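Here subunit A shows up in two complexes: once beside subunit B, once beside subunit C.
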Partner chain A sequence: MRRDFITYCFGYLAALSLTGIAFACVFYRLLPPVQTFALVLVLALIQVIVHMRCFLHISLKRSARADLQLILFSAMIILLMVGGTLVVLFNLSARMM
Partner chain B sequence: MARLTTEPELRHAGLNLADDPREVREQVESDVFGFWVFLMSDAVMFALLFAVYGTMRHATAGGPGPEQEFKFHSAFWETALLLTSSFAYGMVSLSMKHARGQLWLALWLGITFCLGAGFLKMEIHDFLTMFHDGATPERSGYLSSFFVLVGMHGFHVLSGLTWILLMGVQLAVFGPDDRVKVNLIRLGLFWHFLDLIWVVIFSVVYLEGLSL
Partner chain C sequence: MTFWHILLGRLTWDSLVFVEAWRNPTISEIIGGLAGGVAVLGAALLFGLITILGRWRYLWTVWLTSLDHKKIGIMYMVFAVIMLCRALIEAVLMRTQQAIAINNPGLVAPDHFAQLFSTHGTIMVFFVGMPLLTGLMNFVMPLQIGSRDVAFPYMNSISLWLTVGGGIMMMASLVVGKFSTGGWSGYPPYTELAFNGGVGPDYWIWAVSLSSLGAMMTGINFAVTVYKFRSPGMRWMRLPLFTWTTLCTAILMIFAMPPLTVATLLLAADRYLGMHFFTNDLGGNVMNFVNLFWLFGHPEVYILILPAFGVYSEVVSAFSSKELYGYTSLVIATMVIAILSFTVWLHHFFTMGQSAGVNSFFGIATMLIGIPTGVKIYDWIWTMFWGEVRFSTSMLFSIAFMITFVIGGMTGIILATPPLDYLVHNTLFLVAHFHNMLIPGTLYGVIAGYYYWFPKAFGFRLSEKWGRIAFVCWVPGFYLAFMPLYVMGASGVARRTQELFDPALRPWVIAAEIGALLLLAGLASLFIQLYVSIRQRHTTRVPVGDPWDARGLEWSMSAPPPEYNFAVIPQVSRRDPFHWQKINNGAYKPADHYRDIEVPKNSMCGVLIGLGMTACFTGLVWHMWWLAVCGFTFSLGTAIARSFMRDVRRTIPAAEVEAQHRRWLETTAAALPIPRHLEMTPENEGLAKWQG
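Up next, the complex of A and B:
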């Protein structure tokens, strides 16, 4: 009971602080736009991992679960499709200019 | 799913299956895994909508862009509402796992619903304000892709809210039996997943637009 509760609380507080940092960076314009966006993306990635670990209970340790393999495979598909789309279309639009 | 370990720790928070026979547990495992397959197909769809948004980012055709239309405070409070509702659903899972009684379950489910509804209300209000400013989907490629992406997430939240109501009815009629519990686990995965998609939306769409 205790441990599960602590996991959820940790996830909630971590997600809240990561969100707070990201919004604060944009609100106070602490960095130039490009660096700000890069930092926001890194914070989002960390927060996705926190959500996966604390709320969706995916962990590397219990790797007997097929869930983890499914998620990693989907992440690879997503990376290929999104990355491919962006590269091809930005390249196209640069050539059309 | 053959390699089930015998560790006492349950794989999915929420279900009290410690005393149940192995077949029941394996059935639950495969039910939940099937739902993960659906969630990941949904994730692929969202990812492609993000890609479309990225390529349309500068196709504003002289129409309103993110600088004028995005409101910092409403994006922040929407995020806080959805994150808190995700945490509230975690409490639903815990009340179910530790058999804290139906009242706790219903209470946390109600809190989750209210927070989710608050999120949706704010989002609809934002959309209506944008429409009022002339930022409609047909104005530019940028706005089309924005409304498809964020609107699709909003539609998922609406589906989740309907599902929460249905689970309330199931709880009232059947009580927390095994089938209702499996449904609650699936709803939990769906609800946490929506919050995860929102993390990417507020980072890639709202904060990117507001950081210029």
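Up next, the complex of A and C:
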């Protein structure tokens, strides 16, 4: 119970600050655009992991193995769909030039 | 803004097909008016009949509000069959048009013809194929894994009623307004406001959205059920093959429906909010829609075909009295197909401008799917080899499937070769190809499964004679209707063509017409089969529940099954558990002790949410904004109210469970065990004499 509470608090704060940093970078223009974009992406990825770990309780423990499998599977499908879409559309766009 | 305008939005007298047919009585309009009339009369007749017979109460309390997966499954199928009647009649009308319209305008005007292929395609995919298979999976899968229901019975009911709501919208489009003329794929920019200001594309967008929401929820429901609700000992590699295909289908539904919903909603944003996602101007890009649509579209065809693969696996094994050959390879093949189906979507637009490199990649990926599919075909053939094969209706359809599907696969390889696709894309060759996959791959599978599991669902067998008559219509009917299309397509006839100009095509279109009529006769024979079987039910009862000497857990209880499926949850120790129970004399035994069983209470919330969303989307189609807001608020309110209800389960006391179970065991003890060659005779009471 207490452990859970601490995890949730930690997750909440982490998520909040990760979001905050991203917004701050854009708002105060701390970095040039390309670097900002990269940073926001990285922060978003970290945030995904925080959510999974703290809120969805995904871990490498045996009991959570099935969940982990499902997440990896989803990640693969999303990678296929998003990656494929990017390849196709950039290809089309290049040929329109 | 007058009051009427706010109340009715775009709806006027002229939107009624009857008014249109009255003003402008061409044959095409009169056909439209007649179709609308049939829809209205049919609905009125149905309502009237139920009222006269005083069956509303029964219907509402026993069926419509039920959360029992078996009843929901059956309702899915009844709904789909109604839609199938319409879509098949439309198909015959299109064929008749092409048979007549060689150098003359024929029966239906171009715009009407376009509505016909758009509704036919949309209905067949979203409101026939998917609900038929969802119904079958709903009924069978929980029984096969030894579960008492699906994971989320209430969500199951919502899925059903969202899908039915989409069907209601499709039917409404027969009577008020016109449906889209943009085909089942609804490509913009043609479906954008600039070219299509009417209600047609909106009907398509919202009907399809309802269906895809329902399907996605079904996917989640089934996947969780297979993951979490298997009975003890039912390990992964002990699952029946139909359950495997259900799981893979469910996963496809989860991942394939969202791209479609995104595509239709973005198109709606273009049409309603003045956005420019897919318009020709202001930075819109049509290819985004095409890409999203086929990200959904290709997995969709596997949603339509995988469950049928599962049915064939069960049927071939049961009617050959043999263990499924190559179980592991079938499981792996199913998974490989499911994953590969996410890597090939581009073969639907080879000709839309990508480089040769991209096209070759997707062409090769497409051809790869042939390998696991081939593995399956061989596995089924080896299952029959040296088995005690009985040529029941299910088995006949399965064999017809294997041969026909392979032919379709071959033409698929042709289409997967980009240079060849450049020649035949968008011709009748393609139309022939996909019907060649979908009719054996979906409809034959559903018919085979229907015949196979019907005795389980209703307690009596279907007429074998009429099953065979249906077979003789469906199989030659298919070949006659679609083989000519290969020829016409290869000689360059475009698909979606309302009028033809080459008299040399006449023999082919007439053959195709006869084929389509045969297919219609096939559907009629299925209805006659049902009628005759109900009349003869006293001679075909199988109360013991195992008429085919089959192998899965779904055969281990009475027919029809009790509401809670299993008096005691079975303990599984190997594959084909019921078969081994029978051999080791473990079947038909009373339990040591029985427990109370909790089942979900009926709930009207599913119906209300479904109908509320239908009202909302209908309001959006007609720009009746008040209706849209009310419908949505109503659905949301119902969902919230339901989440506060605590008393949603009902307990069936152990004593009652025990009494029912013992009564069934007595029936079993009194029944005569039947050897397999007598299973079509009245002696078959559902108890098999197993010879090991």
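As a convention for this text, the second predicted complex is superposed on the first by the 93 of 97 C-alpha atoms of A that agree within 3 Å, B and C clash if a C-alpha of one lies under 4 Å from a C-alpha of the other, contacts with A are read in each partner's own complex, and residues count from 1 in each chain.
We adopt the following convention: a residue touches a chain if its C-beta (ideal position, glycine included) is under 8 Å from a C-beta of that chain, and two chains touch if they have at least 3 such contacts.
All values derive from a computational prediction rather than experimental measurement.
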For this session: Look at A:A66 in the shared chain and tell me whether it touches subunit B only, subunit C only, both, or neither; answer first, second, both or neither.
Result: both
Problem set entry | More subunit A residues in contact - subunit B or subunit C | B
For this session: Quick one: classify A:L30 as touching subunit B (first), subunit C (second), both or neither.
Result: neither
Exercise. Which of the two partners, first being subunit B and second being subunit C, lies in contact with A:I77: first, second, both, or neither?
Worked result: both
Problem set entry | Partner chain(s) touched by A:L43 [first = subunit B, second = subunit C, both, neither] | first
For this session: Pick one for A:T85: touches subunit B only (first), subunit C only (second), both, or neither.
Result: both
For this session: Please indicate which partner A:R95 is in contact with in the superposed arrangement: first for subunit B, second for subunit C, both, or neither.
Result: second
Exercise. Just subunit B (first), just subunit C (second), both, or neither: which does A:I6 touch?
Worked result: neither
For this session: Indicate the residue numbers of subunit A shared between its subunit B interface and its subunit C interface, in ascending order.
Result: 66, 74, 77, 81, 85, 89
Exercise. Where on subunit B is subunit A touching in the complex?
Worked result: 1, 3-5, 11-13, 32-33, 36-37, 40, 43-44, 47-48, 50-52, 54-55, 72, 75-76, 79-80, 83-84, 86-87, 90-91, 94, 97-98, 189, 192-193, 195-196, 199-200, 202-204, 207-208, 210-212
Problem set entry | Residues of subunit A that touch subunit B when the two form their complex | 1, 4-5, 8, 11-12, 15-16, 19, 22-23, 25-27, 29, 33, 36-37, 40-41, 43-44, 47-48, 51-52, 55-57, 62, 64-67, 70-71, 74, 77-78, 81-82, 85-86, 89-90, 93
Problem set entry | Residue ranges of subunit A in contact with subunit C within the complex | 66, 73-74, 76-77, 80-81, 84-85, 87-89, 91-92, 95-96
Seminar exercise, completed: In the complex, the residues of subunit C that touch subunit A are 227, 251, 255, 259, 285, 287-288, 291-292, 295, 339, 342-343, 345-346, 352-355, 358
